[in-house]
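Next, two complexes with subunit A in common: one pairs it with subunit B, the other with subunit C.
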Partner chain A sequence: MRFQANRDVLSDAVSFAVKLLPQRTTLPILSGVLIRSTDSGISLASFDYEVSAQTEIAAEVQEPGVILVSGRLLADIVSKLPNAPVQFATDEGKISVDCGSAHFTLLSMPVEEYPTLPSVDQPAGLVPGDAFAEAVAQVGVAASRDDVTPVITGVQLEIADNVLSLVATDRYRVAVREIDWDGSAGVTEATALVPARTLQEIGRTLGHASTIQVAIQNNDDRELIAFTADQKTVTSLLIKGNFPPVKRLFPESVDHYAVLNTGDLIEATRRVQIVLEREAALRFSFSSEGLTLEAIGSEQAQASESIDALLTGQDTVVSLKPQFLLDGLSSVHSEFVRISFTKTDNPNKPGPVLITSQTSREQAGSDNYKYLLQPNLLLR
Partner chain B sequence: MRLVIARCSVDYAGRLSAHLPLATRLIMVKADGSVLVHSDGGSYKPLNWMSPPCSLSIAEPDAEQAEAGVSSVWTVAAKKSDDRLIVKVHEVLHDSEHELGVDPGLVKDGVEAHLQKLLAEQIELLGEGHTLVRREYMTAIGPVDILARDAKGAAVAVELKRRGDIDGVEQLTRYLELMNRDPHLAPVRGVFAAQEIKPQARRLAEDRGIRCVVLDYEAMKGVDSGVPTLF
Partner chain C sequence: MGKADGSDRQVTTGPVDDTGAHILHVDMDAFYASVEVLDHPEYAGKPLIVGHATGRSVVSSASYEARRFGVRSAMPVAQALRLCPDAITVGPRMERYAELSRQVMQIFQRATPLVEPVSIDEAFLDVAGARKLLGSPAQVAARVRQWVREETGLPCSVGVAGTKFVAKLASGRAKPDGLLVVPVSETLGFLHPLPVGALWGVGPSTQSTLANLGLRTVADLAATPVEVLERRLGAGGRRLWELANGIDVRPVETQRVEKSIGHEQTFEHDVTDASTLRRELLRMSQQAAHRLRSAGAVGRTISLKLRYSDFRTISRSRTIGEPTAVGKRIYEEVAGLLGEAWRPGDRVRLIGVRVEQLEPDARSPLLWDPDEDWRDAERAVDDVSAKFGPGVVAPASLLGTRPRQVGESDHYRDRG
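The block that comes next holds the complex of A and B.
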């Protein structure tokens, strides 16, 4: 095998292929990047039976062939090469990489033992890249990181009526965002439960593309999902199991809410929470005069701050974990935010609060992002 | 067990030397001969000690020591070396002796046994449709914690640990190898269940086709964490 490629293009492709590789693997060949050169260019791929990354770039191929080479090592090397074309060649089981005056020799791994990469044939639909990346970031924060409940470590994708909704929860909060789904390619209804960490990486990697092509398919008993954009494809196995029906937790309508400036509330929460002990909650008192945040419960220090709030309905007090609130506030992406209070009949469980965007004090946002948060019990 | 609270200074002589100036301390003289000097802090760690085999002798102070206020000199000498722990007692504030008898030992797997009972009762935590066959299923090399059947009726062997590490995976692997020789049971799949599974153990288990299940002991016991959840 022998080919020559542009350094920047190659570096970008290698870092993409390597990004999703597992840190440590029991099968060393899976730490490799598979590089295949054909007459039309070269393809790079990585795969660990769960997640695969595949990409194609243009290259001047002098001799077609396949090599398997340590992924992280190659990524380190390629990212530091001088600005000159990169020449790859195989030489008696070794791979030589030449770039300008730099020369590297790498060991190659046996290509025959490498597993077959998952192939993606039938696209299911298209999503806009920027909206998808934003939605994944907004929803992913709410996904559970606790292995006790594997189903909620994923983000649930639900396709229906030209809408893709993304849902995630860790039992303390639920985040939902809906984006456009172009199902003209075939699929108008489907669900897929994708590991949140993988999806977040996909959002970051493919979010710059104008559209992302999505495919869901069944390969002998294991379902997988594929995302393709700009000649880059990432596939991931789906999490087995049923995602809890959390969408029904959202209230249909609320007439008891407060509207606040998002930035002011974020800053006040960050300031006041400094004196809180770990895992403790902040007390938020909403009244016609505004919102007062109070941090109590620590013997060493207390803090409070008042900010403007436009309250509709009666005065109310809720106890919220600051990080959970901040996750929601940082995700609304609007100048103002609406915090709605729901009713509850259970005296041991306060009604959840709903966080939604608000373009002005009067005008609700139009982005379909909803973040439902369970308050703690009020102490005192 | 003899407990003495005394104002004393302590010196250790031998391979290493150490000195504790005059202060009030607890001196424990245990039935095995060991002597430990504790302060009112430092958790389980004595300030200084002599491990058995050793011998304790109590002597009168010499004139110079008596002049300094020492009322008795305890010398604990190690049998196998020249190491000595010397306690110069100035004033005894408390001295009592208690017969403790033989200790039953630490029951480390109390939680593990409880986990086994709870998981047997809540066997669906392994997955929908799982049914319990029995706890402590006996094999030639020891009992498997739980034998269950999955929704399709295939045998599932469960190894339960508080903290799941490599050793637990190896143990389960041995059981699985043996159980898979039994035509009544085979094929048997393994489940490694623990409150916490170390990343290396998880990697090894998954590489061997053993499924990992993390258990929430508090939730299984029905203990409310006090923090309300949405569902």
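The block that comes next holds the complex of A and C.
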């Protein structure tokens, strides 16, 4: 095979294809990028049986064919090539890459042994790229990173009534975001549990497109989901298992809440938590005077700070892990934030707090993002 | 490491240089047997075996008179009685031993607050700070032995050395009823003639690895470059080399961090039916959970141990998402493991439950927790048991069904 491609276009395509490759793979062949040249251009693909990335770019193809080369090595090379057309050719079991006066010879990996790439042929729905990228970032933060519980390392996607809702939890908190879903192509109801790390990478990679196509399909007993935008497609196997029914943890309505400036609360929390010991919680006392944050429990140091807060309902005290709170506050993306206090039936356990956006002191946000956080027990 | 019958006993009689040898290892001599002699003076001077005289029971403790016939701890009672047919056998009375153990540990506290109990009948003491009050380490050791003898009537042996490891070897050598000081300057001379098996952590497998390298004595080990040992034995290689060179930096720790909690159960007759095994697992899971809760700990890895009639032993473990101290949860995991390992027709001799990867129970509460109700229920049972005694409340499936058993053991194991 033989083709010539634009350096920038090729570099973008190669870096997309290798981005989702695993850092370490047990099968060396899976560290390769498969490049296929046809009359219409070239396609690049990577696949590790879980996740695949496939893209097509324009190229001047002199001779059709297929090659498999080390993905990371190729990405390193292409990103450093001079600004000139790049020429690929097979040459007695090797692959030569020429660009300007630079010349590389790469080992050709056996194409026959490469697994068949998943193909996507089901009808898809559409989501707006920017909203999808934002939603994935807002929700992914709450997903568990513990592989012992695989089900909650995923983000649950639920499609119903022209809405795609994304849900993630690590059992300490739950984050939910709803975005528009255009199901006119045929998909109006579905659920899919997608590994959070993969989904976050997809959000970063495809989020710049105006719309992203999403298709869910069954391939040989394994369900997979495909995201396509700008000639780029990422597929991922779904996580098997039932996602816990966490949406029902959210209260219908809460009339006991405080509204604060998001930036002020983030700053104060970051400052006061400095003196906390690992795993310890901050104490937040809400009253008509405002909010006081206190860090106690370390023999070395204590800290406290008071900021403005507009409280509706009675005075209340909660104990929260600062990082969990900060994750929620950093995800509301609004100038003000509402912290609502819920009740539980269990007298030994404080009710979760709900974090939602607020466009002004008085006006609740309309972005459909909710972050529910379980407080610690109040000591002393 | 003395021979268990005291035949190679070595003790300190005259004054020695005990400068820097501030670690004491106090070990009660044939503790259970000595307590029985104390309570039954008619047994004095006679071969005595503590252990059940039936079935597969093993020797818990034997008097020195019995040891002279070759009787050893953990030997089947039947075998012990073949070696020493005239021995008196008595069943163990753990409560009485625990009572005397507490009394002895309190005596140690008088010498120093730095007491690290190792088991029911031994402890390390750091007496560096006792010099002004009680004298040099050798003097403190003699005083402790005298107090124990006068106040409980029980004999003990004390090893005095600069490190825990050497002190423990010394107390073993001093048995029975002796005191051995290993001066810091003579530590290597004391260690080097010993076989490598005397070192902590050298079991049969390490011993054979070392034998393949031509290393038989501690002196051989000490002379081997540490890199060679690390290559063959991993991280443990450096530790062995350090021990062989008299280096043991572990301090006397008054609070031990438990690494795992477990129970196991040997059946008098091999068990072939899974429901009996599950019932035992439930009982042991409840016990393990209770001990976790009393220690304020939770564990993340749960393991099952099975020993079959042919002594083949397997162990299987599972790691769970959230560490637990709930017996129901431990049981569910371990019963699941049994379900995977169990084949019809298996004959089980011993079964055990262990909870590992322990950590303090200081985690944030979860938004939802399937164990929550059980945790509350089991805490309530703890409270009831604390008030009315253990066993007042138990799972219904455990009522009146307990099979006869022999060697039951509760063991805390420190893998640190």
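The definition used in the following text is that the second predicted complex is superposed on the first by the 380 of 380 C-alpha atoms of A that agree within 3 Å, B and C clash if a C-alpha of one lies under 4 Å from a C-alpha of the other, contacts with A are read in each partner's own complex, and residues count from 1 in each chain.
Quick note on the criterion: a contact is a pair of C-beta atoms (placed from the backbone, for glycine too) under 8 Å apart; a residue touches a chain by one contact, two chains touch by 3 or more.
Quick caveat, the model's predicted, so the values are computed rather than measured.
Superimposing the complexes on subunit A yields a three-chain arrangement in which subunit B and subunit C clash. With both structures placed on the common chain, the touch criterion links A:V254 to neither subunit B nor subunit C.
Of the two partner chains, neither subunit B nor subunit C is touched by A:L164. When the two structures are aligned on the shared chain, A:T26 is found in touch with subunit B, with no touch to subunit C. Only one segment of subunit B in 39-47, 57-65 or 165-173 runs into subunit C in the superposed model, and that segment is 39-47. In the superposition on chain A, subunit A positions 146, 148, 169, 171-174, 244, 246, 249, 348-350, 352, 372, 374-377 are in contact with subunit B in one complex as well as with subunit C in the other. Across the complex, subunit A is touched by residues 197, 203-204, 207, 212, 214-216, 219, 226-231 of subunit B. Listing the residues of subunit A that touch subunit B in their complex gives 24-27, 146-148, 169, 171-174, 244, 246, 249, 348-350, 352, 372, 374-377. Chain contact summary for the complex, subunit C toward subunit A: residues 319-322, 362-369, 372, 376.
Those residues of subunit A lying in contact with subunit C across their complex are 144, 146, 148-149, 152, 169, 171-174, 244, 246, 249, 279, 281, 321, 324, 346, 348-350, 352, 372, 374-377.
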